[in-house]
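In the two assemblies presented below, subunit A is common to both, partnered first by subunit B and then by subunit C.
Our next item is the complex of A and B:
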């Protein structure tokens, strides 16, 4: 893989040029957090962010979109939400998230919406620095070797730019004079030092290797009932997870026999309706059963199939769940620790 | 369902105690009004027309809660005449603001405080309750007011003999779709987790906490939300009042003080 250098001052001129090729998406401020947004003003791009509120999966399968338009003549696939995009500022853990989504959406039945959006989006990764919620080092998703067209490592005075694909190379060729081919020994040393420092900045670690066995051994542990009692069933853990990909489909037909649409929206196995079948039967009526499924999927089942957890260590569930049910606290509890978590304090009699 | 001469289903739109916001929303479907009147035979709609007929109906859409003896009779009559009854809006579904009490005694004391010993000539007031306290309700379309798109799709589905297809999860789901930062995590008392979705998380989109105006979601975990707010420093009464504000009767079911099952 070719690695070149970009002066800090040259980043925005480069983004300006490539934004003429496709819609540029990047993280911008949203309240005191960040969100990926289409960029009309480069100065709004935030370079030093942690996680966005929801992961970049929203760019490939929006929370709700129309799959088909229907009329009395039949139906027509609707790809209108898919446009040519360049996604800048995506971190290694989120690129791993997309690679995991690829494995889901490329199984027996190819998902045309996801794959078409994937094909039309260039990935321009950006290095990051962990905060108190990040644990990507535990899932080994803090480094990235594939899944990007360009990857920018921010070394304060300059970027090192990995060229990951020919399409990425084409972007560089739009204005090659912005880049510097010759790396000095000093630049390489700066990168080595940065990498070591970044790796040391992860504040905590979770032993994922132990979790598949523990999920099995503790499948009937009272822990799950406790979690189920406290769970708000708000579905936020799934919505903010970079690898959750379930969806539901709804008909939207207009009055008077007019046309309609088939709408696809994000769904979550942590929601009650998800496992309801015809006749109103529900295989996972209890929240504890649903949480068990979620964690089995993240910490056990995916590992047996693909050799890695379907958790990428982004920390979104930790930052989001109001009642502290997240990969960190559940992992700790499975490992026999007593995490200081809401659900551990929860008392059902509180309303009296 | 039987059809009238014009092959259209007969519909009646009724308003009990409430702000008439749901009826107004139906009238406000300006672009779709012609479609509505073409798709159905609107027999009775007090806000929209004067030649109302109170006969047999295929579908009755009822807004508002029952808060007088007269309305009790009215709702029983509507049930008798209509094959399908749909509760529309928070007041009809869960009682609304006028039902923001948790037990009978509290209501009587409040009534006396506001009206004194005045004799009501017109009709006798009773504690405000959702319509399913008196009749069987076939479908619920909550909202304060109801959402236009949900109303049109629900009406369309019912006209075709299908049950409504509404979101059955909490506001939090739509809130995350809109990529809002969780207000509870900022110690703001938001009722999103226990409130039905459908509003598009409109308040939180504007940085205001959810007040629960769509009523409790089926699986509302009241106890967990309660403890969460307690831990954030809000007192017991504040939380209870906040939760009961829009759907006292509905919430009372959860608090176990009133009987009655919700569909």
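Our next item is the complex of A and C:
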């Protein structure tokens, strides 16, 4: 893969040029956090961010969108939410999240809505620096070799730019003079040093390879009841997870009853009505059963099926869950690494 | 950025096909029979399915839901469903009349392994609305009678008035190439001439079976599986020849929406037909 150099000062001129080609999306500040949004003012783009609140899946499978419009003529496919986009500032773990979604939405039946949105969006990745929640090194998703059109590694004074696709190359060719083809030995050494330093910045890890067996062995462990009692069943973990993709479909009719839309919106397996069938039978009435499904899927099923967990180590569930149920705490509990103090807190919540 | 063409190049698996209700009538107080034909004649004939598969049926404004196909692929062109009124979509379906349009897509799911069942004895045990998917495989066996050895049916309903396809099954009783036993849990009419008791009480009436070459199929209310499977196991039928079809919530039918997930499988892709071995080695099935 070709790697070129971009001076720091040349980034925004480059973004300005490419923003004329398609809608530019990038992380901006939202409160004390960050969010991907459409950019109308380049100065709002944040380069040194950790995870955004919602992962970029929201662009490819939006929280709610219309699949069909209905009229007396029947169903009409609705792709109006799909526009040409350039997504800048997406971190390696989130690109891995998209690759996981790709394999899911392509298996058995192709999902035209997801795949059309993917086809119409260019991915411009950006390197990141781990904070206390990140554990992408445990899932080996802290580095990325595919799944982007361009990838920018931020080395303080300049960027190294990986050109991952022909369309990425087209973007460079819009103003090639901004880039520098010749890399000096010193630039390469800077990159090697940066990589080593970043590797060391991951402060903790989870032994994922042990988890499928432990999910099986501890399926009836009381830890699930404790977690189930504490779980608020709010669905936040699913909303913020880069690989959670469950959705519901409903009909929405307009006044008059003739016209309407078929709406697809995010759903979460931790919500009570998720597994309920007509007539009221619910296959997962208990919160602990629903948590088990969530974690079976992330930590066991994907590893058995695809050889890797569907967790990309982004740390969003850790940053988001109000009661501290997340891949870190559950993983550590399964591995028997959780201190008694942790369980004491859950026990207290149960007795309250 | 090249390529302004926003036209879809792949077909949309979520797009329902218009279908017309050819015939509909009440089977019991809350179960209705629907005979449906896909409007596009080519598509109607190319709707190739296997007994045990299901289809997604939609009513504009009410939504979409999965239903077992009750007809047999040996009689192509028309699709049949028996549907209980339990929710939004079924309520809307019950209001529809013959000639009305609905949406249909499918067929989905794995269906019964009819190839493997060839030249074997077939034992079918149904309870209540469990008749819906198993009627398909029963009629398939009878239409291809020479491809199967013994075919037996044990049928249970709560009351005579809740027995669906009553005339059809009583007529089957007259056939000599089918062993058919019918039962109701209780008879409130005083007119029931067949057995009284739950469906498992019919097992002693079965002629002796050859377990290693028997495929045993069961479908019924969730509570029934445990007891019927116990009988199958008592008869020494191998675990991977005990087949059941299960119900789960489904919103897409194509392995995407996630609602029917169990462990690492999706009921809509890898089910709804499972073996007893699947039940033992996977959690949450029954």
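Here, the second predicted complex is superposed on the first by the 339 of 352 C-alpha atoms of A that agree within 3 Å, B and C clash if a C-alpha of one lies under 4 Å from a C-alpha of the other, contacts with A are read in each partner's own complex, and residues count from 1 in each chain.
Quick note on the criterion: contacts are C-beta pairs under 8 Å (C-beta built on N, C-alpha and C of every residue); 3 or more make two chains touch, one makes a residue touch a chain.
Small disclaimer: the values here were computed from a predicted structure and weren't measured.
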Touched partner set for A:278, first subunit B, second subunit C, both or neither: second
First, second, both or neither for A:253, with subunit B first and subunit C second: both
First (subunit B), second (subunit C), both or neither touched by A:53: first
Touching partner for A:245 - first (subunit B), second (subunit C), both, neither: second
Partner chain(s) touched by A:234 [first = subunit B, second = subunit C, both, neither]: first
Which of subunit B and subunit C A:189 touches, first, second, both or neither: neither
First (subunit B), second (subunit C), both or neither touched by A:115: second
Partner chain(s) touched by A:33 [first = subunit B, second = subunit C, both, neither]: first
Shared contact residues on subunit A - subunit B and subunit C: 250-251, 253
Residues of subunit C touching subunit A in the complex: 1-2, 6, 8, 10-16, 18, 60-65, 84, 86-87, 89-90, 103, 222, 247-249, 251-252, 254-259, 261, 263-264, 269, 283-284
Subunit A to subunit C touching residues, read off their complex: 21-22, 67-68, 70, 74-75, 77, 79, 82, 84, 104-105, 107-112, 115-116, 120, 122, 167, 170-171, 219, 245-251, 253, 257, 260, 262, 267, 269, 274-279, 281, 283-284, 289, 293, 296-297, 300-302, 304-305
Residue numbers on subunit A that touch subunit B, as the complex places them: 30-33, 35, 52-54, 58, 63-64, 229-236, 239-240, 250-256, 258, 265-266, 268, 271-273, 287, 319-320, 322-323, 342, 345-351
Contacting residues of subunit B [partner subunit A, same complex]: 32, 35-36, 38-39, 152-153, 155-157, 159-160, 165, 168-170, 172-173, 176-182, 184-185, 192-194, 207, 218-219, 221-228, 230-231, 240, 255
